[in-house]
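Both complexes shown next keep subunit A, but they swap its partner, so subunit B is in the first and subunit C is in the second.
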Partner chain A sequence: MLLFLLGRILRLLTLLVAVSVLSFLLLELSPIDPVRAYVGADMLKVGPEQWAKIAEYWGLDQPLPERFARWGMAILRGDFGVSMIFRRPVLAVIGERFLASLALMLTAWVFSGVFGFALGVLAGMKQGTWTDRLIKWYCLTLASTPLFWLALLMLLTFAVWLSWFPIGLGVPAGVPTYEVTLSDRLYHLLLPALTLSITGVAGVALHTRQKLVEVLQSDYVLFARARGESGLQVLLRHGLRNIALPVTTLQFASFSELFGGSILAEQVFSYPGLGQAAVQAGLRGDVPLLLGVVAFSALFVFAGNLAAELLYWLIDPRLRPKGDACEQR
Partner chain B sequence: MPVSSAKTLLLSCRSFNRRQRTLMVVALTTVCLLALLCGGLLLGEEGLSTNLTNRNMPPSLSYPLGTDWLGRNMLARTVQGLSLSFAVGLAAASTSAFIALVLGLTAALGGKRLDAAITWLVDLFLAVPHLVLLILIAFIFGGGITGVITGVTLTHWPALTRLLRAEVLQLRSAEFVLVSRHLGRSRWWVATRHLLPHLKPQLLVGLILLFPHAILHEAAITFLGFGLSPHRPAIGVILSESMQYLSAGSWWLAFFPGLALLIMVRTFDVLGDNLRLLLDPHSAQE
Partner chain C sequence: MKKEAVTTLLEVSDLSITFTQYISGLRQRTIRAIINLSVNINHGEVLAIVGASGSGKSLLAHAILGILPGNACVDGKMVYAGELLTPARQAALRGREIALIPQSVNFLDPLMRVGAQVRSGIFNGNSTALQREIFDRYHLAVGTEQLFPFQLSGGMARRVLVATAAVGSARLIIADEPTPGLHPMIVRETLAHLRELSATGSAVMLITHDISAALETADRIAVFYAGTTVETAPASDFCGDGELLRHPYSKALWQALPQNGFQPIDGSQPSIDNLPCGCLFAPRCSLASRDCLTTVPELRSLRGGETRCHHAA
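Right after this comes the complex of A and B.
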């Protein structure tokens, strides 16, 4: 177990280092001049001397290997640099933004998991009927739906026409931070989270359905039915236990799509999360922030995958090598 | 005898119908997609011209999808956006399928070191959320259309590579391959004569099923504001522009282009699934 964990962590480290180094080198190749991106519209007001000073301040006047070494040392010390557009340390920006995104993603994750599982179980139990076909059709259509379009429709329906929800932002406009209540935040969170969970449902439901259909065709279910167990009893005693694990694992392994989805949802609802920061960093040439977000999102995805693998190890003893199983006892 | 032959006849009839139906779906979807592509190409610049007398018109008979704030025909813009998506999807799907084939074969046949290296490369590409990767690549290329197309083209191979590698690994231990090797055939001979024919259906279906991913990613990244200039009609651009006019009630600007994109993506899905039914030896005879 310990060996397995160490192996995974080593793998994460190689991947993280590779991602960071590759991103750094590739970003250096970008034709976008960070100083120009920083100065922006004030281009005419900034003289060549100031220009050189800004470049010097960021160390942009030094050759590439030197900058790379300096950047690498800083990262090792845990210093990701200062974001150009927020004028604050990258880690502070990511930390604050990630908390907002986490609330969004966690709500969507839990909701889509529960709802998708329920839909999948329903479809699987009613396999071949109209209920099943309807659910399958719904999920397949949902899987091809562009998330940002769905978000636009939600915005149009619930915020513009019905005026049930605010049009965007994470907090009410024009209210000081200390006066923003928890219910305000929840109110602004609901619509983006709902959008994100609706699209998340498709994958879980289809996967659950497929696994349940497999289980229902097995010999032990045939035997259970021969003993006279009803459909519900079969589901509770044999079905749920056998499909819970693969479905949970899938849900943990979907962190990558969840992150991608939250970028789009945040963009539509102008929700101040990490995804929006990533888009701004990309559009406005904020290299330190972009590098930070790339590394952080890799870490996030890895955490999900690791959790999935650990769950399998902990719950399903068949996957452990023989020697390891003895150790456990 | 007559009973059993009647039974087989009935069964073959049924299977023929199913096969026919599948073939019909494949033909129909292909025609629809090609018509869309041709429509986009034929339309050219027409309908994109601004016409300030017909601004913000809701859908009507002369403008089935309405017009935008510059009086441009939304139907023309949508068709052009979709055919652009089609082109990007085609580039992405064919490039990715080619990369996946080469890497998958190399990983499965090229020895342990190469296999480990390629598996690691696949993991590396899957380590970062796809959209973040696309943003990164778009930025590296300076935020132009090149960045968007390159990003979408070069990032869709990992999943298919994994699939093909697993398939080749399985085939490699199949008896006919082992016999062929023992008879003294070279690796190259085995790869081209024994493995490729088995990989072809996988590759074709994989290629078709790459389209939806590529198209949705292209739309997403242009929606976020990367790459395309505002007057180029891409679905992402159209939708992100429409956001400014939603609160004014111009719902058709967002609704129809997105719906068209959804239908196109779903068509590719249906095409891919039906092709798989036809080509997969397990279901081809059903």
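Right after this comes the complex of A and C.
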């Protein structure tokens, strides 16, 4: 177990190094000019000498490896720099934005997990019937719908026409922060979270269905039926037990899709989360923030995958090493 | 064979199983997997069903239990303990009166402890006590009930599988290929367990392609060929040169054994989508006449057995 964790930590470190080197290089090759981004609208007032001075002050005249080393050392000290758009430390921005995103992603994650699982089990049990076909059709349609388009439709329908939900933002506009209540936040969270989970449902349901169909075709289910177990009994005794693991693992491993989806959903709903911050940082050339978000999202996705692995390891008796609980006596 | 208990428990007559398959798009075809099969089994007897793989032996087991896949169509009559075996009747009986001993440990739920899996076959009484009792009877250590199927050794797995059927009060036990490629010692032990079960009055249907195992255990032997029974004979008829056997295929099977001359016959079992129209064995039979190629021989009783052959005497 200790060895396993050490291995994973080592893997995380190499991943983070690789991600930072790669994103640093990509930014270097991109047309983003940090000085231009910093100067912004004052471009006409800033002469070439001043321009060069700023570049020199930031160390932009140094060779690439040196700049990377300086940035890397700063990161190691916990200093991610200052975001140019928000004029605040990158870590503070990420922390605040991540909390908002986390609420959004967690809601979507639970929604899609629960509904997707239920739909998948229903379709798997009714395999080949109209119920199954209907669920499959629904899931495939959703799975092939671009999220931003779906988000726009949801916005149009529920926020504009029906006015059930606010049009965007994380909190009501024009209300001081200290007056914003929890229910206000939830109210603003619901529509983006629903949108994000709708496409998630499709994936979870199709995977659950597939796993359940496989289990139902297995020898041990045939034997269970030979022993007089009815369809529902088979599902409760053997079906759920055997699909729980792969499905839970998949659910944790879906953090990356969730994160990708949240970027689009937050953009459409102008929801002030990490995804929106990433888009702004990219569009407006906020290099420190962009690098920070990239590193952080790598960490986030890694955590999801690690959780999936640990779960498998803890639950599946077949992966447990010898001398463990089940081998006693 | 016990003389006092020769009452029929299960009688299968003219059983046919066909499968509907989609080949391409909406074009269907039907495959006849079992054709006009008749076999019966008595109380307290071990009936071995012997045949090459692909002759439909397992399908017979699944048909009796009523667990064939949805695209299977069953025709014919099955009578269990004097009552017609309808799907509803099968659902009520399977696991309780009719039990299956499966082929391998893959038929156990990989994520469920074996003790719990044996207990799920007990419908009344103290299930834990009964399960411990049966584990004790089959020399399975107390801790075994806590193990998962993947942790069982070959011999233990075999005993657990037998225990799943023996733990209830099944009157008909169908052992589907219970000794595939196992160590001779484990094979002997498993067969002994089956004999024991029949000694308590249960009927045991032993489905196997291992003739020696069948001969060692069974009272009667039904020989399967291409989805039907060509002969049912007392096990004692399998002796000498096979001169007591009724059907040429049974004789050929017997003579192909290493200890009986090791003589193979030409050809192979016809494939199910291209069956001969007369006797199924005719294309490979040395006795085949014109009759054999055109008309299917009826099943008839002969010298204490049954056979499907125009020439048998």
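Basically, the second predicted complex is superposed on the first by the 305 of 329 C-alpha atoms of A that agree within 3 Å, B and C clash if a C-alpha of one lies under 4 Å from a C-alpha of the other, contacts with A are read in each partner's own complex, and residues count from 1 in each chain.
The rule is simple: a contact is a pair of C-beta atoms (placed from the backbone, for glycine too) under 8 Å apart; a residue touches a chain by one contact, two chains touch by 3 or more.
In this text the structure is predicted, and so the values were computed from the model without any measurement.
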Subunit B versus subunit C as contact partner of A:Gln251, first or second or both or neither: neither
Touching partner for A:Asp316 - first (subunit B), second (subunit C), both, neither: second
Partner chain in contact with A:Leu29 - subunit B first, subunit C second, else both or neither: first
Touched partner set for A:Asp219, first subunit B, second subunit C, both or neither: second
Contacts of A:His238 with subunit B and subunit C, given as first, second, both or neither: second
Shared contact residues on subunit A - subunit B and subunit C: none
Subunit A-touching residues of subunit C, taken from the complex the two chains share: 62, 65, 67, 70, 91, 93-96, 99-100, 102, 104, 106-113, 120-121, 142-143, 146-148, 150-151, 164
In the complex with subunit B, residue positions of subunit A that touch it: 11, 14-16, 18-19, 23, 26-27, 29-32, 140-141, 143-149, 152-153, 155-156, 160, 167, 256-257, 259-260, 263-264, 267-268, 278-279, 282-283, 285, 290, 293-294, 297-298, 300-302
Subunit C-facing residues of subunit A, complex: 128, 218-220, 222-230, 237-238, 241-242, 245, 316-318, 326-329
Complex contact set, residues of subunit B against subunit A: 120, 123-124, 126-132, 135-143, 212, 216, 219-220, 223-226, 235-236, 239, 242-243, 246-247, 249, 251, 254-255, 258-259, 261-262, 265-266, 269
